[in-house]
Structures are given as structure tokens and as C-alpha cells.
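Structures given as C-alpha cells follow.
After this come two complexes, each holding subunit A, first together with subunit B and then together with subunit C.
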Partner chain A sequence: MSASIAPECNDIKDKYDTCFLKWYSEKYLRGNTTSNDCDELFSKYKTCLNRVLKEKGIDSMLEDARKGNHENDTEHLRRS
Partner chain B sequence: MKVFSSTCTFDYSWEEVSTANWRKYCPWNDKSTHVVAVDTLSRTVDSETGILRTERLITCDQSVPQWVLSLFGGSATSHVYEISYVDPKSKKVTMCSTNLTWSNVLNVQETVIYQPFSAKPNCTTNFHQEAKITALCGGWQKIKNKVEEASVERFSQNAKRGREGFEAVLEMSRRVFGEQRERENDRLQS
Partner chain C sequence: MKFFENVFTYDYSFPAVSLAYFLRYPNPYSRHVLTTDVIDRYVDPKTKRLHTIRLHLKKSKVPAGILKLLPKGMGGSDNSGQSYILETTVVDPKEGWMESESRNMEWTGILSVVEKQVYQRQPIEGALESLEGLALDEKRGEQTTVKTTVTFRSRFGQGKLLGRKKVDPIGDHNGEAEEDAPKRGFFSSLSTAGIQRTIELIGVKRTRDAVLKSKQGMNVVLERLRSGGIVGVLEGMRQDREAAFGPEGPWKRVWARGHAHLEDDD
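After this line comes the complex of A and B, so read on.
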């Protein structure tokens, strides 16, 4: 797995990524799209990550980028 | 604006490619070393369509031409915001990326699509990549052109390395997955 921008989040990120990959290949791609096996790990990882994104000022850059992204959602979130 | 685009085919099923894609930048990929971190920001499944939407932050560290640094300042660490959509029914992965760093100087919009390759849809996957690169700095057209040209060149180098690195990840993923399955079969038999 790849590293986190915040070294202190690497452990929890690794656990979450492993969980997600297992869910993705064994459940999601096989049609079970509703399970939420990794939610708890993700929430811990996000708590760790968000603190660092704020410290580095990346959170505000992300906010700006999200504002320009509505078109992508409109285009790609519907059935093709 | 300059456009860079490339297409290639991987000899792996869409399921394998779309799974391995999540760890494209792991240590198995020794070519894309400019990517130093990949963080997931959000992840949701659309309840109506089943489409998986993921936001990620990609952190890159790479040498930037000195003249670019002296013109615009900044550091060699840059961030990319990526939003991706997986549609498991139509078997399509779409990834849209934009640069967060230097966004007042340069705008890079990249779209990557993975879909089963029509000739052999069960075992090969088509990869299509397109990037629109626009220099935003005011002033001389000459400088804008130079910035765009340098960016396209860097982009195409990274794309080539990215493909090679991803091939390695696909190969390792298949091997590890096969070994896992063997172990499980052994366990079931014993």
C-alpha cells in the first residue's frame, strides 16, 4: 500500500486500505454494494488525516477544488 | 491549452485492473516514485446506481525545472485532487484529477477511463488517458507556451512510467491473489 501524507496515520491507513481492497474485490465487484465493513477504520483514519490536512493548509485548497467539481458528479454519478 | 492523450490495453480483466488500480502507487510500482503518498478523503456508494465515488489526495515529490521554480517559486512537493467513479454494472472506472498546487499558474485536468476492451472484454482492459494543460500566468504567450510544453513533456514521461509500473502491480496482484486462493483451497481440503 502507499503511504499517507501524515506518517502518524500510516498504521491506520494501512488497516483501512487492506479492509477496503478486500471489500472491493470480494463484495462490491460481486454485487454486494451496500455492506459497510470498513466504516469504523475509515472514520479513525479520517480523524488522523484531517488534523494534518488542516495543519498543512491543504483543507482549504481542497475546498476550492471541490467547488469546481460539481460537473464531474453530474456527469459520472448517473448510469451510463 | 495543450492536450496530452494516450491509450493502451492491459492483458488483465477489468475486475483485476480496477482492483489493482487502488494500489497503483504501492511499493510494487518502482517506476512512479514521484508519488509519495495517496490518501483517501471520502468514499460513498450511490444507493440508486451502486456507483462508488472516491475522493483522494495524491502527493507528489519531483524535481521541477529550475527555471519554473525561479519564475513561480514554491516547492517540489505538489498535490493532486482526484475524484473517481466506479460503475460495476457497466464496468467502467472514470478518474478525474486536478492539480491543487500552482493552480494559479497552471491548470491540469486529467481524465482516465478503464473499460473492458471490446475485442476481448473478459480478459483485456482498455486504458484511456487525456490531460488538458493550460498555463494561466498573465503576460507573454511565449512563457505560457513554454510552461505548457514543459508540463506536457513531464506528463508524458510520468504516463509512460505509470504504465510500466502498473504492469508490475498487476502481475504481483495476480500472483498474490493466486497464492491466497491456493492457501484457501488447501485449508478447505485438509
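After this line comes the complex of A and C, so read on.
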């Protein structure tokens, strides 16, 4: 699995990634789009990751980039 | 502004390609990708589309051709050799398409590179007829095309980057001889538009290579998926990771910067 930018989050990221791949291939792609098997793992991973992003000052850069993306996102979703 | 466009067809079904997309790092062609993190991910309750935002940290140097255009200290000062890429993906499994957008997060004033990809399920024509007489071969039933469009835009010399005030578009009748262009040294011999064009072209040149590499990487992951399933991909990854970074992973390199000499493999 790909590594996290935050070494201390690698274990939880690995668990989350594994869960996601299973859910994505066995459920989501087969039409079961409602389940949320990996929510708990994702929230743990995010807590770990966000702390590091903040420490490294990447969080504000991310926020700016995502804001800058907004117009493109709505364009993304426009297609029918 | 410059564009790069490419259309390619994978001989794999849409579900396989979309899975490979999320699984594509590490692969033997992605040694420049150091880390990947999921920033946000959710299924839209109305459309049932899966939205994903990821952050990649990649090794990348400012090309020498661009570096020499920059004032001293700029570009060179932050010579970490790493850059952050933000990737947004939307998947619609029912309609059989996926769209992704990747952009650089730093130095966007010098060169903003936005890569958009549209993956689309393509049932092979005549596949239905062939089912009647021939044995059903699942992998031949579907292909997936991907259209890649990369946009390069340099705003070099337009005030933002150099901390100068913005050019007033109404008062600017000078064409290429913009007064906002740096005046000292050899800059005086190059117009702002000329520098921008040069920077954009260097970006285009690099992208041709990168797009090819990324296809090769996807094909490796898809082949592993076909022959060994997800387990096969994960095993391949583990080997790629060790080959690229050693058994301890890439973060040693990420965090060692400044303290240790980093090798360069390009």
C-alpha cells in the first residue's frame, strides 16, 4: 500500500486502505452504494493525519487549493 | 496557455480500471511518488457517486530551464525536490465513468499544471454476437477509454509572484512589452509573454513522458489484478516499495531531508 506522509499514521492508513479496497470492489462497484463499512477506520486515520498536516502547515495550503478547485468541482458535477 | 491531449484505451473493464486507479501507487513506474493520503471521501447521497480527494507527495525538481528564468533565490531557495499534488476523483459505477483532476499546489504562479482525465466504459461492438458461438471471455467484453487533458498556465511576471501590483488590463496597450516584466539583467531581453511561453513549453515536454509512465504503471497494476486479484496487487506493491525505498518505507527519506544526502535517480 502507498505510504502516508505521516509515518505514525501508516498502520491505521493501511487498515483503512484495505477496508476501502474490499468495500469498493465487493460492494460499491457491484451496486451496493449505501454501506459505510470503513467509516470508523477512516475517521481514526483522518484524526491522525490532520494532526500532522496541521503541524507541518499543509492544512492551510490544502484549504486554499480546495477553495481554488471549487469552480472546477461544480463543473465536474454538472455532467449528466 | 498550452494544452496536452491524449486518448488511450485499456483492455480492461471499467471496474478493474477504476480500482487500479485508486491502487496505482506504488508501481515500478512511480518511484517519484513518495506518499499518498486520502483527505476526504464520501458517497453523494443523491447521485451515489463516490468522491475522493487525495494528497500525493512527489519528487520533482524545478526544471533547469525554468530555474534559470527565475530571479536568484526563487525556486532555488526551496529546493526540497518535493511537491504536493491534489487529486479529486468522482466515480459513477452505474453510468460507467470516472473523472479525475490533479493539480500542483505550490508555485502555481510560475506554472499551474492541471491534469483532467475522463475514464469511460466502452462495450466492444459485436461482443453480444460473439457470445453466442464462443465461450464467454469476461475480459474481452469491455474496454475502458481514458481521455487526458493537461492545461499549462504560467502567470509569471503578472505581479502575483513577484509581489508587484497587478497589471491594469485597461491601461495595458503595450502588447508583449509589458511594463510589469522584470527590468534587470537578461530579463530585459525577454518579454513576460515570452517567458511564460517558454515555461509552459517546458511543462508540456515533461508531461509527455509522465503520461506515458503513468499508463505503463496502470497496466502493471491491471495485469497484477487480472492474474492475482487484490492480493496479487498488494504483494507486487510490497515488492515495489522495498525496491524503491528499502523495507522501512519512504518516510525515512522524506524526513531525512536536510540531514542526509538524497540520491537522485533521474
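Definition applied: the second predicted complex is superposed on the first by the 77 of 80 C-alpha atoms of A that agree within 3 Å, B and C clash if a C-alpha of one lies under 4 Å from a C-alpha of the other, contacts with A are read in each partner's own complex, and residues count from 1 in each chain.
Heads up, the rule we're going with is that contacts are C-beta pairs under 8 Å (C-beta built on N, C-alpha and C of every residue); 3 or more make two chains touch, one makes a residue touch a chain.
This structure is a prediction, so every number in the text was calculated from the model and none was measured.
S.K.: Kindly say whether there is room for both subunit B and subunit C on subunit A in the superposition, answering fit or clash.
M.R.: Clash.
S.K.: Examine A:1 and indicate which partner it touches, taking first as subunit B and second as subunit C; both and neither are also allowed.
M.R.: Both partners, subunit B and subunit C.
S.K.: Looking at A:33 after the superposition, I want to know if it touches subunit B, subunit C, both of them or none. Which is it: first, second, both, neither?
M.R.: A:33 sits against subunit B and subunit C alike.
S.K.: Check whether A:65 is in contact with subunit B, with subunit C, with both or with neither, and answer first, second, both or neither.
M.R.: The answer is both, since A:65 touches subunit B and subunit C.
S.K.: Touching A:13 in the superposition: subunit B (first), subunit C (second), both, neither?
M.R.: Once the two structures are laid over each other on A, A:13 reaches both partners.
S.K.: What is the shared patch of subunit A, the residues that subunit B and subunit C both contact?
M.R.: In the superposed arrangement, which is not itself an observed complex, subunit A uses residues 1-6, 9, 13, 16-17, 20-21, 24-25, 28-29, 31, 33-34, 42, 45, 49, 58, 61-62, 64-66, 69, 72-73, 76-77, 79 for both subunit B and subunit C.
S.K.: For a test of understanding, state which residues of subunit A touch subunit B in their complex under the given definition.
M.R.: It comes out as residues 1-6, 9, 13, 16-17, 20-21, 24-25, 28-29, 31, 33-34, 42, 45-46, 49, 53, 58, 61-62, 64-66, 68-69, 72-73, 76-80.
S.K.: Please give the residue numbers of subunit C that touch subunit A in the complex, ascending.
M.R.: 15, 18-19, 22-23, 25-26, 33-39, 41, 43, 47-48, 50, 53, 55, 57, 84, 86, 88, 90, 93-94, 99, 101, 103, 105-106, 114, 230, 234, 237, 241, 249-251, 254-255
S.K.: With touch defined as at the start, can you tell me which subunit A residues reach subunit C in the complex?
M.R.: 1-7, 9-10, 13, 16-17, 20-22, 24-25, 28-29, 31, 33-34, 36, 42, 45, 49, 58, 61-62, 64-66, 69, 72-73, 76-77, 79
S.K.: Would you mind writing out the residues of subunit B in touch with subunit A in their complex?
M.R.: 15, 18-19, 22-23, 25-26, 35-41, 43, 45-47, 49-53, 57, 59, 79, 81, 83, 85-90, 92, 94, 96, 98, 100-101, 103
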